[in-house]
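First chain A sits with chain B, and in the next complex the same chain sits with chain C.
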Partner chain A sequence: MTELLQALIFGALVGGVYALMSTGLTLAFGVMKVVNMAQGAFLIASSYLCYALWQHFGIDPIVAALIVMVPMGLLGLVCYKLVIARLERIDPGLTIVATFALAMVAEALLALAWGPNEVGTTPSYFNQAFHISSLVIPRAQLYAFLLAAAVTIALQLIVKRTWLGHAITAASQNPEGARLIGIEPSRVGAQVFAIAAGSTAFGGAALSFLYQFTPDTQDAWLGITLSVVILGGLGSMPGAFAAGLLLGLAESLTTTYISVRWSAAVPTVLILLVLTLRPQGLLTRATRQDAAS
Partner chain B sequence: MRFFRTPSSRPRTGRGATSRALAPFATVTALAAGLCALAGCAPASTSSSASGPITIGMSLPLTGSAADVAKAGYQGYELWASQVNAAGGLLGRQVKLDVLDDGMDPNQTTTDYTRLISQDHVNLLLGTFSSLLNAPASAVAARNQMLYVEPSGGDASLFQRGFTDLFFAQPGTTTSLPDQFLSWFSSMPASKRPTTAAYLTQDDPSASPAISVFVSKLQAMGVKTVYDQTYDPTTSNFDSIAAAVVHAQPQMIIQGSVTDDGAQFARSLEKLNYSPKILFQTNSPTDATYPSAIGASNTNGIFTAEAWSATAKYPGNAAFVAAYTKMFGTAPTEDAANSYTAGQVLQTAVDSVGNLDQKALAAWLHAHSVSTIVGPLTWDSTGDPQGSLMLAQWQYDTLQVVDPQTAATTKNVIFPKPAWSS
Partner chain C sequence: MTSTTSFMTSPPNPAPRAAAARGDGRLAAFTRRVWIPTAVLALVAVPMVSANLYYQNMLIMTFLLAIGASGWNIMGGYAGYISLGNSAFIGLGGYTTGILAEKWSLSPFIGCLAGGLVCALAAALLSLVTRRTRGMYFVIVTFAALQLLEIVTTAWSGLTGGSQGLAMPVPTWSLAYQDWPFYYPLLALLIATVAASWWVRRSKLGLGLFAIRDDEDKAAGLGLRVALYKMIAFVLGGLFLGVAGGIYAYYTSFLNSAAVFDIVTSMLIVLCALLGGRGTLWGPVLGAFIIAPISNFTSTNLGGADAGPIRLLLFGGLLGAVALFLPRGVLPAITGRLRHPAGPARVTEGVEPPVAEPAETAARDRTHPTGAADVLVARGLGKSFGGLRAVDGVDLSVGRGRITGLIGPNGSGKTTLFNLIDGTVATREGAVTLAGRKLERAGRASRAHAGLARTYQLPRLFPSMTVLENIVIGERAFSLARLWARRTSMAEHERACAVLDELGLAAYAHESPAALSYGQRKLVELAQVLWLDPALVMLDEPAAGISPALCARLAAMVRALPPLGTGVLVVEHDFEFISDLCQDVYVMAQGGVIAHGSVAEISADPAVVDAYLGDTVVSQPTGSET
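After this line comes the complex of A and B, so read on.
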């Protein structure tokens, strides 16, 4: 029983981490229908910025995330204005290629700045845990989980309860209609992209104290975040959180009770299952568009 | 033990890149070699001038995903060549390196070595880095009957192709990695030895063959296996794995780690506050970032194996470290030492034979021992070195060589491993 509980705890915590890493991608796709292939690069760039603040000024990565979200948001804004907005007018499909190119450039720049060797932050809690009876709750994972919950709730509140959120919803569902009531979709898109990029600061901070990373670590995380977004239903923040949890729990239980080797196949198996049984995603209602497709 | 290792998400360039990955390149190699044969390529020694500099050809991944790491290997070759030339050269002729860039692409490696032989008419060859690249490169050399000394590429499959001109310039391959540890382990009184062991390895040729040897040899010594799992190279979360290992309560944990997976697993053990009597990890503990990744004080007592140590007391090693540091302003890495060693092997053979006859050089190396900065090297008929890697242990912030005694930097062994500090 203890083994099962421990596996569930580890699974839920790492699932929260997955959800946290995916927030920006979920937002960008859900609202703007842009598959941002540079999401992993944004994430690792945030990790490096948190690492730099921790290394030079001793700032805790979680606190550093509050600082890093500003330059990351600006970076997102610049990327949108210079690349995404221009390409969307030509062919929205080109944004995938363009963001992929951005990721490659970002990786090279990060390698030039910090080199190819692994780095990571080691705040006092990085290898510590709360011990409750025979159960272990790693502090770093717990903090990342709480960050994930906070970021998900904050973004959900922005989308559902603010004027910007209503503008986002209007612009994403009916751009022409939004224009008629004074909402410029491209301006909303820029704001969304900035928020999405800025939110990666929190995922990057968590990554910096949970794992060692290099510039090309972005490749692995892009795969995981795409899996979470597909499982959760494209654009659904609660869905992404649920998908992260499902993924983390499935990996943990597979590792514990089936085989370590099989845990690598879990994301693929889950995607196949969800696309077969519930193609709109875990927490997303099927739309007429889904039904037609 | 570091054989041109790169971060985990990069192409595996270590002691072994996957054998599966080699198959397509073998085909390309065969085609290239066939074309070369049709074009009338001959062994370089017969077509080159007997005067002027001796050109030594090599193709290195100077650009691409592993470019920064390749730099040290190239510098090791540069240092060796400069020292040879300062001492009067090889056979009285200056040495000139003919270096091409393969961008970490095995197909380009095949092209480069074919060009070095058929167009540049180099006199001698030296190897590149990683099993992935050395597999096709050594095949080109073999087809052209040229000696091929490789600084890395310890995947055992490279030495199962029947090549007689291939020589690995390291003390041992992956399968001999456990030798020194097993020797030390068996020297302990049976009553003090751990009786249970957990084995965990990344699915990688630079790690899993060694762990298989550990399992079979330790079981033969009466150590009960309580956990034995292989994980995918993409694995990043080790908490659940560590929990399963801890659930089995092993007294000894042996991990076939390749890059940061070793540090990640150790961090998970720290969180679980589980410290086995022995923790042995391949590769990862020699990583420069390992101490900071797990906490410097937590490294105490952790074992690993390494091909080269800056402090090992082999002839010429201290001088190599000093010369490299002076020339490049930084301490040498294991990759730099390995390429320097390959140069030493080639130099000794040429000096001993007295000419550049490739077959004679290979025959001499098969019959003799060569003194290098990684210790004396001898090879079997396939070029597989007949030695073993050194057993090293982190002791108070320093990675000390424990065995063999000829290279040991300390007589102390920390056992059992101390508990994790916070």
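After this line comes the complex of A and C, so read on.
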């Protein structure tokens, strides 16, 4: 019983972190239907930037994320302007290939800058835990989980409550109509990408103190974040959060009751199952897809 | 050596511009008769002439990539479904071969065939995912499958050796033969892959794949079993690469799960295909002959810890650059310029002289029995989108050989009703019966085979094929044999030419539909669906936005249908058009049918006048709106 409870706690905490790592992908996918295959690379890049701030200035990774957010946001903006916007115009089918190429380039640059060896940040709460009777609640995971909840809520508020959020919704649902009322979809797109990449800084910060990382782990992280988005459905923030929890629990239970070796297969198996059986995601209802005709 | 590769890397025909202007026939024939045999002979000669293992190794790599890219191209180029996981087939084929060799001492040259079969099976399974999803989801699925295979091979150490890797048997032949036993099978496999790709292009299968890339939904509505087309396309790519993977594993003598399932190999495959020219026959091969030597050069000449990242930077950057600045690839850029020095590109690439064939397709005028029975009966059809009740329990029937009108204000649910009847939009509410067959559970292709056809408000023709091919693409019944048949048989060609002649569009037979005016496209789309000899034709605003002359021609085409027993259901805002053609009319408003009767009856109905027609409309044509 304790074993199960412990597995559930770990799973839920890790799941929240998975959702946090996926915010950028969720946002870009949800409002622009762009799959950013560079999400894993952006995430690891954020982790390295947090790591650099930690290593050189001793800045706590969670605080560092507030700084890293700025260059990551700029990176998202530049990627949108130079790559996504152009391809959405000439050949949208290739957008996903181009972002994948971007991931490869980013991985290469990170490897050139930091080398192939594993690194990680070690703030004071690293490797510490609260104990409630026989249950263990690791502090780092707990803080990351709280960070995940905060970022998810903040992004949800931006999308649902602000004028920018309404512009984003308008531009994604009907670009022509948005243009008629003075919203330029390409500008909104650039802003979405900036926010998406900027929010990835928080996921990267959490990753930096929860895991050892190298540049070539980016595709594994991409797999996990894709899994969160696919499970969550069409890129809704609450859906992604729930999907992250589900993924975390599934992994944790697999580790506890089957084998840690097979838990790595959970995200990809879920992607394949969901896309085969219920492509609209586990947590959404079907919506009208034929409105264009 | 350089001279031998240049046979493959140079464009098929650099010289005769005059011939190019006369069309592709001679160019293609010249390529077929001269360049290809020369290139193949040169590649056969290389290991005999030169004992240099560096070049043999480079060509083996090239063949592997070319097989991968050519196979990828059938799904990714022809059908437009991009895969980022095709290196999984190399690994899967390799591991199958390796495991068979280790457990049962099966020769890798036989084991690799099993590897191909395993890959074909895996590809078939993965293609199932495209039954319900499109484009980007397929990319994600292939990416996930590749990752899953790496995880499984690492975790399942009892079978695969896990992270320790799997050693292949030691070659037993004399060293004098060098790498010939790897080189020649891979070359043969490359030829087979290209031949398969060539054969797909000229078959109805290929025509269907191009249709899927252009407009999959429409293709399904014309009776094409799109899921099967995609499955065959993906299986072909997996099959050849799987066999090649087995041979390649034997060549590298050792399998390591992280290396064989490396996504970078997948990236190289995509890069070769995109760089050479996605959707062309020779582009992927050309791409491989460019990329593999670069790859070989960098892996030989770069050393140290940074070698891997630099290669990644180079190829990742190249892939990004090709996607951004040369999305169609090298080959189309070159041949496009050679063939059409000025003016827009015409869609003539696939045009070949039709082949004579004593097939059933010759005499296909079937008439549907005319009689009192209804050809279409819809009962209680309904659909909600979220909170919006788009269609609300509609009962509607169309008599055999009758033209029935459907009118109503914009947003009243007419097009959604069409979508429910033809299966574009699935619903659980209501029943659809066509000529006595229950169709509400049937897929789109099955509904087309049962005799249902429709046109769209904005005509949807396939831009990457000719007008004539657009006409003949529809599939009235499914048969596997038909997939293997040539794109257009002689009989089909003649009949389609007659149809185009009647429409006054014979001159456009071999042009892209983009060359047609909007109204002409509407005529062609009508001819396209009539090719199916449908029992029921649904026309969505046929007269909207076209000239009076074309409108009259279109009305004449529609009027010719009832004598054949074909029922027609037509949505139109032009009330005069409706009152000229239709025997009876349904009126929809807010998702429901509010009136049904003859033109006279409904134009006198106060509810209809109120909801749609207005008071003055009956005697005056309203013109058209869209």
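In the analysis below, the second predicted complex is superposed on the first by the 269 of 293 C-alpha atoms of A that agree within 3 Å, B and C clash if a C-alpha of one lies under 4 Å from a C-alpha of the other, contacts with A are read in each partner's own complex, and residues count from 1 in each chain.
Following the convention adopted for this analysis, a contact is a pair of C-beta atoms (placed from the backbone, for glycine too) under 8 Å apart; a residue touches a chain by one contact, two chains touch by 3 or more.
None of the values given here were measured: they were computed from a predicted structure.
**Q** Now for A:118: first (chain B), second (chain C), both, or neither, which partner does it touch?
**A** first
**Q** Regarding the shared-chain residue A:70, is it in contact with chain B (first), chain C (second), both, or neither?
**A** In the superposed model, A:70 contacts neither chain B nor chain C.
**Q** Any idea whether chain B or chain C touches more of chain A?
**A** Tallying touched residues of chain A, the top partner is C.
**Q** So in the superposed three-chain picture, is A:109 touching just chain B, just chain C, both, or none of them (first/second/both/neither)?
**A** In the superposition, A:109 contacts chain C only.
**Q** Let me test your reading of the model: by the given contact rule, A:258 touches which partner, first (chain B), second (chain C), both or neither?
**A** Neither partner.
**Q** By the touch definition at the top of the document, which applies to A:132: first (chain B), second (chain C), both, or neither?
**A** Touch partners of A:132: none, neither chain B nor chain C.
**Q** Where does A:219 make contact in the superposed view: on chain B (first), on chain C (second), on both, or on neither?
**A** both
**Q** May I ask you to decide whether A:150 touches chain B, chain C, both, or neither, giving the answer as first, second, both or neither?
**A** It touches nothing on chain B or chain C.
**Q** For A:10, using the defined touch cut-off, is the partner it touches chain B, chain C, both, or neither? Pick first, second, both or neither.
**A** first
**Q** Do chain B and chain C land on any of the same chain A residues, and which?
**A** In chain A, positions 111, 115-116, 219-220, 259, 261, 264 sit in both the chain B and chain C interfaces.
**Q** Which residues, counting only chain C, touch chain A once they are in their complex?
**A** 80, 82, 84, 128-129, 132-133, 135-137, 139-141, 143-145, 147-148, 151-152, 154-155, 263-264, 267, 270, 274, 305-306, 308-310, 312-313, 315-317, 319-320, 323-324, 327, 385-386, 388, 390, 415-416, 419, 424-425, 456-457
**Q** Which positions of chain B touch chain A when the two form their complex?
**A** Of all residues in chain B, those touching chain A are 6-7, 9-10, 65-66, 68-69, 200, 203, 229-232, 234-237, 239-241, 243-244, 247, 259-260, 263-264, 267, 270-273, 287-289, 292-295, 298, 420, 422.
**Q** For a test of understanding, state which residues of chain A touch chain B in their complex under the given definition.
**A** 3, 6-7, 10-11, 13-14, 111, 115-120, 122, 126-129, 131, 136, 138, 141, 211-212, 214, 216-217, 219-220, 251-252, 255-256, 259-261, 263-264
**Q** Touching residues of chain A toward chain C in the complex: what are they?
**A** Touching chain C: residues 33, 35, 37, 83, 86-87, 90-91, 93-94, 96-98, 100-105, 107-109, 111-112, 115-116, 215, 219-220, 222-223, 226-227, 230, 259, 261-262, 264-265, 267-269, 271-272, 275-276, 279, 285, 287-288, 290, 293 of chain A.
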